[in-house]
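We just call them A, B, C and D in the order they show up, numbering each chain from 1.
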Amino acid sequence: MTDLLRPSRALLPLLFLLLACVPFAAAAAQQPFWTSFFARILIYAIAASALNLALGYGGLVSFGHALFLGVGAYAVALPAFHGIGSGWVHLLFCLAGGAAVALVIGAISLRTSGMAFIMITLAFAQMGYFLLVSLKFYGGDDGLPVAAPSRFGALDLGSAPVLYGVAWAVLLVLTWWMSRLRAAPFGMALRAARQNARRVDAMGLQSRRLQLAAFTLSGTACALAGALLANLNAFVSPSSMSWSVSGELIVMVVLGGIGTVAGPVMGALVFLGLEEGLKGVTEHWMALFGPLIVLMAMFGRRGIVGWIEALEQSRWPARAGAGRGRR
Amino acid sequence: MASLQTTDLVKHFGGLTVTDRVCLDIRPGELHAVIGPNGAGKTTLINQLSGELRSSGGAVRFDGQDVTGWAVHRRARAGLLRSYQITSVFEEFTVLENAALAARAARGHAWRFWRPLLADPTARAAAEEALRATGLEAHAGTPAGELAYGQRRQLELAMALAAQPRFLLLDEPMAGMSVQESAEVTRLLQGLKRRYTILLVEHDMDAVFALADRISVLVYGRLMFTGSPEEIREHPEVRAVYLGEELD
Amino acid sequence: MMFRALWKAACGAALAAPLIAAQAANIGLVAPLSGPQAIVGQDQVDGFMLAVEQLGGKLGGQSTNVFKEDDQLRPEVGQQAVRKLIDKDKVDAIVGLSFSNVLMGSLPRIAESGVVAIATNAGPSPIAGAQCKPSVFSMAWQNDGAAEAMGKFVQDKGVKRVYLMAPNYQAGKDMLAGFKRFYKGEVVDEVYTQVNQLDYSAEIAQLQAARPDAVFVFYPGGMGINFVKQMSQSGLTGKLPLYSVFTVDGTTLPSLRDAAVGTLSGGMYDAALDTPENRRFVAAFEAKYKRTPSLYAATGYDAANLLDIALRKAGGDAKKLAAAVKASAAELKSVRGPFRFGKNNMPVQDYYAFETMRDGGKVATRVVGTPLKAHVDAYAAQCPLN
Amino acid sequence: MNLTLLLAQLLNGLQYGVLLFLLAAGLTLVFGIMSFVNLAHGSLYMVGAYAAALAYGAGGSFTLAMLTAMAAALAVGLILETTVVSRLYRRDHLDHVLATFGLVMFFNEAVRIVWGPQPLFVQVPESLVGTVDLLGFGYPLYRFAIIVAGLVVAIGSYLLIHKTRVGMLIRAGAQNPQMVAALGIPIGLLNALLFGVGAMLAGVAGAMAGPVLSVQSGMGDAVLITTLVVIVIGGIGSVTGAFYAALIVGVVDTMGRVYLPLLLRQVADRSVADAAGPALASMSVYLLMALVLALRPQGLFPAHRT
């Protein structure tokens, strides 16, 4: 079984190939709905991959990553509200805003660990939520329409197929970078810090500084997803920052396979796909979806990708997989 | 190869004095052993030297520089590296990755986001060299979690060596090892003697007397006596402590 | 490339919408069916389906497919539901559209597609004013309407000092602004509380200390139940008249019961309205669902009947449906009494004042006044439509 | 007049704090001693509220309703423990978050299927209707009942944990479960019992909150976040910590909501104060927690002094 054809290796390329066909298939079937439906999945996959950098590689259980989705979304909506439609300005606000907020919150939150870290990140997200709800000038709880979608020269993110292409490209680049980063010095040091931060310090690196950098990168990438979401919905609202969205992002990462490269993409696809599928079946879809998540937590050892790798290991035992860390 | 001196090093835990005005002088290239009964404060002393514990008093000079206030990572980058009594290797990484990360951490920096760690020639070379020195090159690709206990102790050592240290603090490298494994590590340390300055904390007396240029005896946090292995063997008080007569 | 072509053909078929007979009427129904306000969504769906059932499952003579979508009171979920209804199910009209935040979220896609939208749960000021759209209607109210009615009612009663309270979000601010548009007396204080707040004892103590002549509040759904319960337990309800909008209504009265006795609420509908159409509607609703219909059930019911008239008028031509809906309002015998669309497609209707009182063992409401008759909202002037 | 208002607000803060403690006590035991992240604790609170509401509605006395609530919450707690929770003890906090996130979804929807979206009607028990005159200020009698009940539970749980053999076992189990098991004590049964007691406390809180708050599906989620804040401020695993922290959060939240807007009005002009006041008030609890965590990550009253 040559390495390339191994399911876990071939999973991502196949996935991206299929996702690339969706807009064409949707156009062929006069079903534009599927383009925006899958665009939303791509965007949440970007957010989940961003969270995976902090949560999977770094072991930082952030329960407030929806805050960065909100920051990214409002980084598009606010300039647009004041008449600025240039995508570059939106991108600048989004990346700068996401990085700044992530840096500040990360610096404070990393003073704690374990349960306290989970709670302090949740606290910052709730603060952001209440702040936006009370900003009457920008629509507060009722949200704010995006007056001008981000335009990069001829590329107008207002149209669904264009947005789909951009989201697909961003996810591809991010996922590819994640696979490289995982084995790069920064990724290895970060994953080492998750296993034993004291040892990493004793070797000559500063584990807290690595974790802060990872948290900031993760927040910025998540803000990027928020900006794309604002363009998809042409509307932003504080409820996209509620704690249940942070919870859903965590579920997607863990469901897909935490700490793996393909995990977040698979997790977003299965989570949102299953949600839509079950909605079609019954109005009380949550009564089915809840237990499913419980079962996955109890039996899915390391998510879908972990399950595929375990299956593959039992079917075609590979030579000692170099550099294939478990979690 | 670096030297290390401590002047009146003290460490209190609340009212308890664990390190009591210790004065050590370790010359470049020397293998200096520190022995003493359990609870003598050996590991505390090493933690003070490596920077993981902040000393309550006194000074630590490394290669002539006062490093008392330095943080752990700063001392490590200066070449003052340690191994741990309780093995703490990265179980999810392979043996080679553990060593390469150690090499990279001491010499280079981790702010590389694209090229793989193992593609860094200097780090990889230092790692492979350290694995050869500790006899682990056959297990380069095995995840550290799957190693036997003895092999993990060897990896612990390999990670210290991979960082090309200028001073090695070894905290009971032979702990929990069989006689045959200890003999192997002793031969290994014999090979390192002239290349690094080493402070060895160990209970295995055969290894200590085979390796040490000089030996210091630590009892209840106080440095009782420093001398050549022969002087230590004949020294009445040292025998008393080890053979059980209580001190006055 | 062959693989891509094969793939396109295969999944093209799978994704195609189920081909439904062309002449059937497809209606989308978007409402919050889960989360704290689920009862509000459920009432609209039940009201709408009751009318469809009474019309033999046909609206405007065409067999009708109703696509129900749960927006979970989250704008993002509502947007996806609307996209699904417009792009995939190719609906002729969308009814419901939940609270203001979900409605505003779905507006861009609706306006762009030109599909007829009939809101049965909100009428935010932006779409009543400058952003009014020819194909977007509200069967319920313009958000400020009920509060304006209570403002006038309290003004007419000659109350000198009133204390205002609402949750700290857009609708809360709109409600208090609407009240002050008609109430000219002294406003003792204007207190905004946290959204979904549980415990109001602190605010009630503050209210008690301020000694106003009356208090006006807007606390929809669970917040209303918490507030009114805690008000009655503090013994204030007897001493201090409580005026409210969207707080004591068909959805909350069953779980408030005597805690709400003595309160006065304003609105465009209550089951107690004594018109022949309403008596028939309430009887049919109670028979089918074993509970009294709230104002949300009424708007759902009216929306279905309006569509019935409009679809017959438009004769299956989507482009004429919007104009047909506007015209049909005059022919609709609404359960709430007189009703027509203003130029901004907002309802022009009477607003009543209801009092909750003990009627034998049970608690019931009765009409105690009609402060605003055929009321045109304050934003109609800004709307360019005619 | 201002003094009595301050006193009333303090009482309100105390009452809200006691209600939070009823919830936090059970949660901090499960978190601290079994290190199990239980997001579904709010659902057990909801189960208690529904059981009490239904029992009371069916003509029972309030005490009967309270017992039904405790029994229902204990039963659901034990079922949860044996089927789901016990399999997750050795697993990572993330798997706990995932599993209990699913449970919350299930409970909210199940309650909606069985009892519908309509909030239930719960009456204040006749004996506790009316108000107590407090220097000319009417304070609801039922609120006093909540304070008293909360204090009784506080003392009861303190005695249970510190003065009884079972309490000793629970604390021993916290430090070293293997050793306790080695001594022949069925640690599985002990954990189940502990989780059950935690659930029962949540059930009591639900029953007490019924007449005051809206009993509806999803009522547990809002109160869950505040309870998590309380146990983190108090120090995870410390019941005493949870008690003090609950009172602090109760008072800070109440005072923040009332006096912050007033304070701001003196400083800033009216419109800014009206906008910033409520926002700051709703953020006050989270600001407090972020402050505590940044300065004392292990909480104000760390666990070792339970």
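The rule is simple: a residue touches a chain if its C-beta (ideal position, glycine included) is under 8 Å from a C-beta of that chain, and two chains touch if they have at least 3 such contacts.
Being a predicted model, the structure only gives us computed values, none of them experimental.
Considering every other chain in turn, the ones in contact with both chain B and chain D prove to be A. Of all chains, the one whose mean C-alpha position sits at the greatest distance from that of chain C is B. Averaging C-alpha coordinates per chain places the centre of chain A 43 Å away from that of chain B. Here the CA centre of chain A is 32 Å from the CA centre of chain D.
Separating the centre of chain A from that of chain C, both taken as means of CA atoms, is a distance of 36 Å. For chain C, residues that reach two or more other chains under the stated contact definition are 33-34, 168, 194-195. Multi-chain contact residues of chain A, defined as those touching 2 or more other chains: 130, 133-134, 136, 286. Annotation for chain D: residues touching 2 or more other chains are 108-109, 112, 278-279, 282.
Contact between chains, using the touch rule, shows up for A-B, A-C, A-D, C-D.
Residues 18, 21, 24-26, 28-34, 36-37, 40, 130, 133-134, 136, 139-143, 145, 229, 233-235, 237, 239-240, 242, 279, 283, 286 of chain A touch chain C in their complex. Note for the complex: chain D touches chain C at residues 1, 4-5, 8-9, 12-13, 15-16, 19, 108-109, 112, 116-124, 129-131, 137-140, 142-143, 211-219, 222-223, 254-255, 257-258, 261, 274, 277-279, 281-282.
The touching residues of chain B, when paired with chain A in their complex, are 50, 52, 71-73, 76-77, 81-82, 84, 88-94, 96-97, 101-102, 104-106, 108-118, 120, 141-143, 159, 163.
Contact residues on chain A toward chain D in their complex (touch as defined above): 55, 61, 63, 108-109, 111-116, 118-120, 122-124, 126-127, 130-131, 133-136, 243-244, 247, 250-251, 254-255, 258, 284, 286-287, 289-294, 296-298.
Listing the residues of chain C that touch chain A in their complex gives 4, 7-9, 11-13, 15-17, 33-34, 68, 70, 73-76, 79-80, 83-84, 86-88, 100-101, 104-105, 107-109, 124, 168-171, 173, 194-195.
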